[in-house]
Amino acid sequence: MNLQVEVGGLKLKNPVMTASGTFGFGREYGEYIDLNQLGAIVVKGLTVKPKEGNPPPRVYETPCGMLNSVGLQNSGVDAFIEKELPFLRDYDVAVIVNIAGETIEEFAYMAKKLDIDGVDGIEINVSCPNVKKGGMAFGINPDDIFNITKEVKKVTQKTVIVKLTPNVTDIGVCAKAAEDGGADAVSLINTIAGMAINIDTRTPVFKNMIAGLSGPAIKPIALRMVYEAARAVKIPVIGMGGISSFKDALEFMIAGAKAVAIGTCNFVNPNCTIEVIEGIKQYMVLNNIEDINEIIGSLKVD
Amino acid sequence: MNLQVEVGGLKLKNPVMTASGTFGFGREYGEYIDLNQLGAIVVKGLTVKPKEGNPPPRVYETPCGMLNSVGLQNSGVDAFIEKELPFLRDYDVAVIVNIAGETIEEFAYMAKKLDIDGVDGIEINVSCPNVKKGGMAFGINPDDIFNITKEVKKVTQKTVIVKLTPNVTDIGVCAKAAEDGGADAVSLINTIAGMAINIDTRTPVFKNMIAGLSGPAIKPIALRMVYEAARAVKIPVIGMGGISSFKDALEFMIAGAKAVAIGTCNFVNPNCTIEVIEGIKQYMVLNNIEDINEIIGSLKVD
Amino acid sequence: METRILSNEKIASGIYKLVYEWKGGIPSPGQFVMVDCKGKTFLKRPISVCSVDDKSMTIVYQVKGEGTKNLSEMKKGDTIEVTGPHGHGFELYEDKNVLIVGGGIGIPPLLYLAKKIKAKNSYIALGFKSEIFLVEEFKNLGEVIVTTEDGSFGKKGMVTQGIEDIIDKIDIIYGCGPKPMLKILQDISLKNNIPCQISVEERMACGIGACLVCACKVKKDGGFAYKRVCKDGPVFWAEEVEF
Amino acid sequence: METRILSNEKIASGIYKLVYEWKGGIPSPGQFVMVDCKGKTFLKRPISVCSVDDKSMTIVYQVKGEGTKNLSEMKKGDTIEVTGPHGHGFELYEDKNVLIVGGGIGIPPLLYLAKKIKAKNSYIALGFKSEIFLVEEFKNLGEVIVTTEDGSFGKKGMVTQGIEDIIDKIDIIYGCGPKPMLKILQDISLKNNIPCQISVEERMACGIGACLVCACKVKKDGGFAYKRVCKDGPVFWAEEVEF
């Protein structure tokens, strides 16, 4: 049985990855699961300099989901290369580094720095709703997507993935902008902008007002957008948003995703990624599917 | 205690309405609750001619929500006036009629026909994701919103509400287009475009592929959009999307909604509207609030 | 209405019989209730009334997905939220020769029908895949013919086989079961010009006729229309249904 | 890990003691478990370990919202999903004079601490609003001083009152309770130059250090940084925490 997929030149042993920001740098979940079994690990979003992130509260439970306002807390790209990458190098798993610049130059700067051994791919994060500069502000603008992608592609040999925001009218246009900019793949969706209010104090739950919604609640929306993106571009699409089971993962793949990522549901079930991989295998056996690539984009439409 | 609010000239005895398409024409829920207690009834979307709607399946449960693909099944505006309006006239409750044209002319035609006794408001539905013509295709385009609103305003004396779609990058721009077109109020959100796939048959669950997501799952998104819309316009905003309790309703009102509508949660709890009204009253007593208008837009932001 | 569970027992593999206190309306045969299955389910689930007395109501259900699985884990003394009875049930005629045809989990509502109907003669054809259930309860209500697909009980084959042999004796047919079975009943009904009522299934949301998601395609003026399974049905005249 | 509930009883109004089978790791005092509260809750809830033996673990919790409400409705024999122990607990030093200060629902983890710590002398100050709980269990573990805000049991007032009277005897302070109480302990610790460890609370998602939502503001190089309550804490040195 073949589980291997290729995402923009990058060969993954299976299509199941972790979603940026939900899996740290692999260390913590490494105590629960065998990281070698994953298709890829996508690490927490990095910035040029260390970033403290947003003040608490940073999380709020919502019906079948959660809002987060982490705000890209991380120790910076240098600390990543020095302290986290060596740890990840010890595993036989593709490593994709999520970068979040405040300017085009910052994206290029980080991508260049990360054009090193042990890094397999760069995920351009133009979709974080929790920062004041950069993030989603870029991602809602096809021109910005195009330009950032182009500059990043110039300075790296790695597979370049553009992570799109769902907070747009037409996801196809955004995916196309990434493709035109030279992206090797797009990934989606990042969190959906949401909000919560404390009715007793009549204040927003989050200081930033807006936070990012993730988890099973958003799955139907994510699936629709992945389908639309896959129809809009020829490059591979990595699908995510609320995946909690192999069934969800298969929906995304049938809709056209070449790989999938699991985010929030890791929190609820640390074994989620592994169970998804096992479930996909069983589905393939049951349905006599030899090669997982037969599933991708296999949606029958009349 | 004052619960009365005014929405674009229309006085409502309280701010709790029903969301179009979830409450039929009031008959069915009339067997469960006293319709006279509602702030307003918004009826199922009407079209110029009777419309059969979409083939089944039309519903799919999702985590804390549901997808629907009804496709505006209704007997047409004439049948409404003849058969449903007389029934509603017997109640002491504001009646808002949701109209869904396929062209600007159809909107104006229906609005004119409905400029009659017993109708208190017109809700322009430019946000249905389940029809091939009209609906959301208009709602994602500010110019269309503006033009339709303007034409409808010309032919009716009633309060004109424009119902917006959440499937846009900037809801503020859409709300503003409605305001500029002369709308007396905007209402939001309609359902979010979503999708589901049957992994056994590898076919879409819905023939139309895309369906509309509603219910508690979308509440954080709806609340954010209502907040954004309320900041973008001076006309009243009617908030909805996943409201299941008085707490949810109050969040929307604190965020700036002058009234709220309950949709999907009627299905789960037929008494939902009444419980929301009671809950708001209790909250007001507990917090020493004499006039509900004090709550509207009272979000404290630093 | 919140009510208390009196018993919840397995009566065949994957099939459970749930009895709860009932002080609500008395249903007519073919009507259903909407049950809150708790856990992570969101919408209520429609389940047909299998029997009712002045204190309690019985439903029989098959574990299909999360909702019915949760239901199967509930215990005596637990409370559940049940609304109803909903829908338009079977139309009953007195003193007729009736044929009642049930397939699998379509059988429970027919028990209530068989009890209530004042027939001249009742022929009751019950079909199962393999394991049978509720058959005992039908024993005194008419002439019962049991069929199993694998022959492990009664006749081997489909429940609709053999109907044509007795069709001459029948004034009206009542059916509930899987779609292919209902389709065959429709054919038999049309071919032999015998009125037939069938109970159809569609996914529901409100269960009371307000949301229009439970569409059943019916013939209308040469074309078609969608009727509401929850309000206009679940029981329709077979001739009007478009499969 | 899925485990079976051995008992779940109310020990004061709104306060429950839950015992379940435990074959997992042995926690250190101050560590917590993540509990799936079922129903419509989505994320697990962090609850401190109150005690553990070779077969079972005990947690004591207060009903706050939906999660803890669901938890309070679970019965002996039900299964629940519990992971852990998680987090960085109290650092224990032998042969010291320790002051343990607990407020309300912050008290349960301190019982486990008081049992495990090999102190020279333990002074245990327990504060409640009105109704007391767990006080009996502390009886043989040190000199217990109980305070209630309304004076219905022990001294009337706040649990932190009177600490300064005995502060000269104390080598180290351990605290868990509401933020204002922790803040006072921090002040006392700084003023008297006595080391103090406090257990802080923040909403969690992953509970294991991967998602960074459980931020606790700590002093760092003249500025500040956010540490993870679930991994770097929940126990921090009082001096580093910024309230």
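Labels A, B, C and D are assigned to the chains in the order they are written; within every chain, residues are numbered from 1.
Operating definition for what follows: contacts are C-beta pairs under 8 Å (C-beta built on N, C-alpha and C of every residue); 3 or more make two chains touch, one makes a residue touch a chain.
Computed from a predicted model, the values in this text were never measured in an experiment.
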Chain whose average C-alpha position is farthest from chain C's own: D
By count of C-beta pairs in contact, the leading pair of chains: A-B
Computed distance of Cα centres, chain C from chain A, in Å: 47
Distance between chain centroids, defined by C-alpha means - chain B, chain C (Å): 36
Inter-chain centre distance, chain A versus chain B - centres from mean C-alpha coordinates, in Å: 34
Multi-partner residues of chain D (at least 2 other chains): 40
Sites on chain A at which at least two other chains make contact: 62-65, 215-216
Topology of the chain contact graph, where touching chains are joined (line, ring, star, complete, other): ring
Chain-chain contacts as defined at top: A-B, A-D, B-C, C-D
Residues on chain D engaged by chain A in the complex (per definition of touch): 36, 40-44, 83, 202-217, 224-226, 231
Complex interface listing, chain B residues touching chain A: 62-65, 67, 140, 167-170, 192-197, 199, 201-204, 209-211, 213, 215-221, 223-224, 227, 242, 247, 250-251, 254-255, 283, 298-301
List of chain A residues in touch with chain D within their complex: 21-24, 27-29, 31-32, 44, 52-66, 68, 70, 73, 215-216, 264, 266-268, 270
Chain C contact footprint on chain D (complex, rising order): 38-40
